[in-house]
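Each of the next two complexes has subunit A plus one more chain, namely subunit B in the first and subunit C in the second.
This part shows the complex of A and B:
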C-alpha cells in the first residue's frame, strides 16, 4: 500500500476530527465535569475554590433532602398533565386550522404569538391575571357572583394554575409541528376512507392518527424534554410555593445551586434530572413501540 | 481677534458659564484627587435612582468616571460570585445584600478596607447596622470586636410599621405599639375585599422568614442560642417562637387577603399603595413610592411607627442592609479609587444629597438635620427608633441554607400544611443537622408537643 493510498483511506476518519473535538468540548467535557462535581464537595475559601472527593456526602444530602420527593411528584404531574393537554389541544387546533379555506396565514400567525412572548413577560402577565385582588379572572368570577379563587396561593390550585400557563405557552409549538403534518397528509388515503363510508371519528382514529404518528412523536418528545426542564414560569409565578405545592425539580436545582451554593449536591441533582428524562423517554419510546406492534 | 461686540458678549458669557461650572466642579464634598474610572455592581432596587443621582454628583464634582451596572436582585449575587472567582474582577465596588456578605468575607474574596489604606476609618456618625461590615475570622462572626472592616453600609433597610392615619382615626384606634394591639386593630379594620386590616409577606422563602423574624424577636425568641460565642444550639422550637408563629399566622389569616400564603413584597406594597390595606409591615425604602401620587392612591395618608413590640415590651426588627465591598482580585490603583469614592460617599454632604434624592442615609447626623423635619422625611424618627433594637439575623456561613429551611417550614405552618409546633420542630431538626455537618457546636431544645 502506497502512502497516497494510506492517506486516502484515513483522510475521511481524520476529517471528522474537528467535529469530534467540538463535540467533546461542548458536550462530553461539561457532562464529565458535572459528574466530577457530583462526587465532590466544593468550597470557596482563601480566595479560591477547594474540591474534595466525597461522593457519599452528596448522596447523604440527597437522602436527607425532604423537598426532593414533592419536587419529583410535582414534576411528574406537571409533565404528564401539561404535555397531554398541549398534545390534545395542539392536534385539535392543527386539524381545525388545516380545514380553514381563507386567512390561514393570519390564523397561524395569531396562534403562534404565545411562543414569541419572552418567558419573563409571560410570568409577569399571568401573575397579574391571577392576582387575587386585581386580576381579571377574579374580577370575572366576582362579576358572575362567584367567590374569587386563590389561583396562586392555594396548595390545591397553584400547580394547575402554572400548568394552564404552560399549556397556553406551548400549545402553539405542538400546533405548528402538527399543522405541517396534517397539511401533508395524503389526500388519496383520506378520500378512500370517506368513499369506504368511514365516519369522522373512524377517519380520525384509523387513518389520520396513524399517519400523523411520526409528527406526534416528535412533538411529544420535544415537549416532554422541555416540560421536565420548566423553570421560568414556576419561578416567576410561585417560586415553588405555597409550601412545596409547586416545587419542581428544576426549581429546586436552582435553589440548591444558586441560593444555597451547594455545587456538588446541585450537580448530583442535575445528573439525576438528566437520567430521569432519558429514562422517561426510553420507557415512553418502548411503550409506543409495543403499542404499534 | 473678535471684532463683533455682540459676539464678544456671547463669548464672555460662555466663558463665565464654563468658569462657574469649573468652580463648582472644583468643590467636591471631600478632595479625592484624580482617580481611574470605576465600575460598580448594584441592584435595580427602589433606592437605585437615588444612588445613581449621587454618583452623578460625584462625577460632576471630581471629574472621575463611574459606570454603574444595575441588575435585578437575584442577578447581583451571581454576578458578584463570578467576579470574585475570576482572574480579575470586572467590578471595583460591589453592593451586596447583607445576607450574602458572609460567603465573601469568609471565602477571602474581598479586601479589608484598612489593607487598602491603613488610615481609613468609618466616620463615627455612620451607623453600625449590627456590625455587618466587620468580620472576625477567628470567631467566624460579624463583629467590630476583633473584626476587620470589610464593608460599609450603602443602604440600611429596616421594616417599619405603616398605617393609614385616616382610617385608624376614623375607627378611634391609636397607632399600635404591640403586636397584640395590631391584631386587635386589624380585626376592627378588616372588611374584605374592600379593606384588609394588616398585610405582611407570607410567601415561602426570604419573604416570610424576614417578616416573621420581627415578631419572633419581639417575643424574645431566637434561631440559635448564641452564635456570636460559637453556640449554635438551635432554639427555634421554643414556646416563644411558637407563640410568635401562631400570632403571625393569626394576623395574616384573620386580617390579610385569602392569598396570604403567597404574598410577596410587591403584593404588600401594592395593597398598601392602592388603599386596600389599612396596616402593613414594609421596608423603609418603600416610603418614597407611597408618597408619589403617580404610584400611590394614598399619598400623604400613610404614617410610620417603629415595628410593634412583644408581650413583655421587647422590640424586634431585622436589618436588611446593602453593603459595599471591594473585591480582592483588583489592582491596587482600582482598590484605591474604590476607597476614594467610598470616602466621598460617606461624607455628611453626600449622605444628605442621597437622602434628598430618595435614599436612606447611613449617617445619624443626617437624621438629626433640618431634613428630618420636612414632611416627606417623616419616616425618619420611626427609622431611628427602630435602629435601637434592630439586629442582624442568620449572620453565619450557613445563613442561606438556614433561610431555605425556615422559609419553607414557616410557610407550611402559615398555610396549614403543618401545625406551628411541627413546623418549628422540623426546622429545628434540619437546622441542627446543618450545623452538625458544618462542625459547629450544636444541639436543640426538647421538641414542642405536636
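This part shows the complex of A and C:
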C-alpha cells in the first residue's frame, strides 16, 4: 500500500483534522486555560513562569478596579450611538444610491475603501484630522471665526469624536449590505402602494422597512458584534484618555494584561466578558427569532 | 406621480426606478451623493497631501505647498526607521497565514459539505466557529501570550501566523462551504466512477471549480492579516513588529512626526488598494466563467 493510497482511504477523516486541531489548540485550550489563569497570579522570572493559586487576589483586584465601571458604560454608549447612526445613515444612503441612474459602480468602489484600509491607519488619519493646532476641523472653525475645539483632549468631547470615526468607518459597510437589499425590493409591491396613493413616508415605513427587515437585522447584528470588539482606532486616537473618558472594555483588558502585567486578573475579566457576550447572544438570538415570526 | 407610467414602460430590469419616487433623482440626489463620496474620500485626500508636506508646511497650513518625497524616503530608508523591515514582516505573516488558512479552511469546508459526518460534529464545529468569531480576540490574547512563552514561540513569526490562521479560519470555512455547495455532486461521483480516489476527486475535480472562492477568501484573509493589530502588538517585540504596530509607534512617540505618520499610513493602505483592484476583476471573471460553462 503506497502512501497515496493511505491518504485517499483516510481522506474523509484527515480532511477535517487540521482545522479541528487548530481550534482545539488555539481557541478551546486557551479558553480552558482562562479558568486556570483567573484563579492564579502569574509571574515571569528568568527560570520560567511561576503560577500561584490565589483566587481571592484577583477578586480583590476586580473590586478595587475603578476603571471597569466607566469602561462598561463607555462601551455600551459607544456601541448604541455608533451603531444607531451607522444604520440610519447607511439606510438613507442605500435608498438614495438605489435611485441614481449613473455612478453606482463608482460609489460602490469608493465605499469598499474604508472597510479594507487598516483600522490603525484610519486611527492615525483621524488623529491628524482632529489635531488641535493644524487639524482640518479646527482650521474650519478658525476660518469661521470660532474658537478651536479640543476634539480628543476634552473629557466631554473625546468619546463622541471617537464615535464619529467609527461611524465614518462603518456606514459604508451597512450601506453595501442594504444597497443589495433595496435593489432587490419587489417593484410590484412598491408600485401597488404608490397607485393606492401612499405618501412617500407611508411607502417608506409601511412597505420598504418591513421588506428590508431581514437585511436590516443582518447589518445590525454584524455591526453590534464588531462594535463591541473595537480596539485599534481608539488605541491610536486616545488610548482611553483623557482620564477614563474613552476607556473601553477591550482597551482596559489590554492594559490589564500588558501594561499592568496582571495576567490572572486579566483572565478573570476576559471570562466575565465572554460570559456577557454569550448571554447577549442567547437573549438576542431569542429576541431575533421572536421578532422574525 | 407623473413619472410612474414612463418608468414602468422603460423598466425591463427590476428597480430601474427609484424605490422612493423622487429620492435620488434630480440635482438634490446628485449633490447628496457627491457629498457622501467626498466625505469618504476627503480624509484620504487630506492625509495624502499631508504625506507630501514638510512637517512645517502641515503646521502652517500653507497652500499651495511644495510637494516632497522626503517623508516616504525617511520612513522607508531612514537610518532610524525599521519600517521596511515591518513591511517585510507583514508580507511574510500575511502570505503564510493566507496560504495556510486556505489549505486548512478549504479541506474543512469540503469535508463538512461532502462527507456524512454525524450531525453533532458539523453542528459543534460550525457553532464554535460562530461563537469564536464573536468573542473579542483580546480575551484570548492573555492565554496565547502565556502559552507561546511556555513554548518559546513568543516573539516569533510562527506565533503570529498561527494566530492569524485561527482568526481567519471561521470566515474561510463559511465562505468555502458556500462555494463547494455550488459544485454539483454528480461531477465528483462521475470522477469516482472513472477510478478517481477521494483525495483526487477533491484536489483535481472540486478544487479547480471553486477557484473564485479561493481567490475571494484569500484576498480577505490577506487583508485581515495585514491589518491585524492587537495580536501583533501583544505577541511581538520591536524586531518582528508588523506595519500596524509600527504606525501605532509613530503615533505614540513623544514628539509625533506627523508627516511621516501620514506617509506610513498611506503605504499601509497600498496592499488593500491593489488587492481590491485585482480582486473585483477576478471575482467577476470567475462568476462569468462559471455562467458560460
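By our rule, the second predicted complex is superposed on the first by the 248 of 293 C-alpha atoms of A that agree within 3 Å, B and C clash if a C-alpha of one lies under 4 Å from a C-alpha of the other, contacts with A are read in each partner's own complex, and residues count from 1 in each chain.
The rule is simple: a contact is a pair of C-beta atoms (placed from the backbone, for glycine too) under 8 Å apart; a residue touches a chain by one contact, two chains touch by 3 or more.
Not measured: the values here are computed from a predicted model.
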Fit or clash between subunit C and subunit B when superposed on subunit A: clash
First, second, both or neither for A:93, with subunit B first and subunit C second: second
First (subunit B), second (subunit C), both or neither touched by A:133: both
Subunit A residues touched by each partner, larger count belonging to subunit B or subunit C: C
Which of subunit B and subunit C A:34 touches, first, second, both or neither: second
First, second, both or neither for A:241, with subunit B first and subunit C second: first
First (subunit B), second (subunit C), both or neither touched by A:67: first
Which superposed partner A:54 touches (first subunit B, second subunit C, both, neither): neither
Which of subunit B and subunit C A:44 touches, first, second, both or neither: both
Partner chain in contact with A:258 - subunit B first, subunit C second, else both or neither: both
Superposition clash, subunit B versus subunit C, among 2-10, 56-64 or 74-82: 74-82
Subunit A residues contacted in one complex by subunit B, in the other by subunit C: 44, 49, 131, 133-134, 239, 258
Parts of subunit A lying in touch with subunit C, wherever the complex brings them together: 4-5, 7-9, 11-12, 15-16, 18-20, 22-23, 26-31, 33-34, 37, 42, 44, 48-49, 93, 95-101, 103, 106-107, 109-114, 116-121, 123-129, 131, 133-134, 136, 139, 168, 172, 182-187, 190-191, 194-195, 200, 203-204, 208, 225, 228-229, 231-232, 235-236, 239, 249-250, 253-254, 257-258, 263, 266-267, 270-271, 273-274, 277-278, 281
Partner subunit B, residues of subunit A touching it in the complex: 44-47, 49, 64, 66-67, 131-134, 148, 150, 152-155, 158, 238-244, 255, 258-262
Complex contacts: residues of subunit B adjacent to subunit A: 74, 77-78, 81, 84-85, 103, 106-109, 193, 203-205, 257-263, 267, 270-271, 274, 276, 328-329, 400-401, 403-404, 408, 411-412, 414-415, 417, 430, 433
In the complex, subunit C residues that touch subunit A: 1, 4, 8, 11, 14-15, 17-25, 29-30, 32-33, 36-37, 39-41, 43-44, 46-47, 50, 58-59, 61, 103-105, 107-108, 110-112, 115, 117, 121, 125, 128-129, 131-132, 134-147, 149-150, 162-163, 165-166, 169, 173, 197-200, 202, 223, 226-227, 229-230, 233-234, 243-244, 247-248, 250-252, 258, 261-262, 264-266, 268-269, 272-273, 275-276, 280
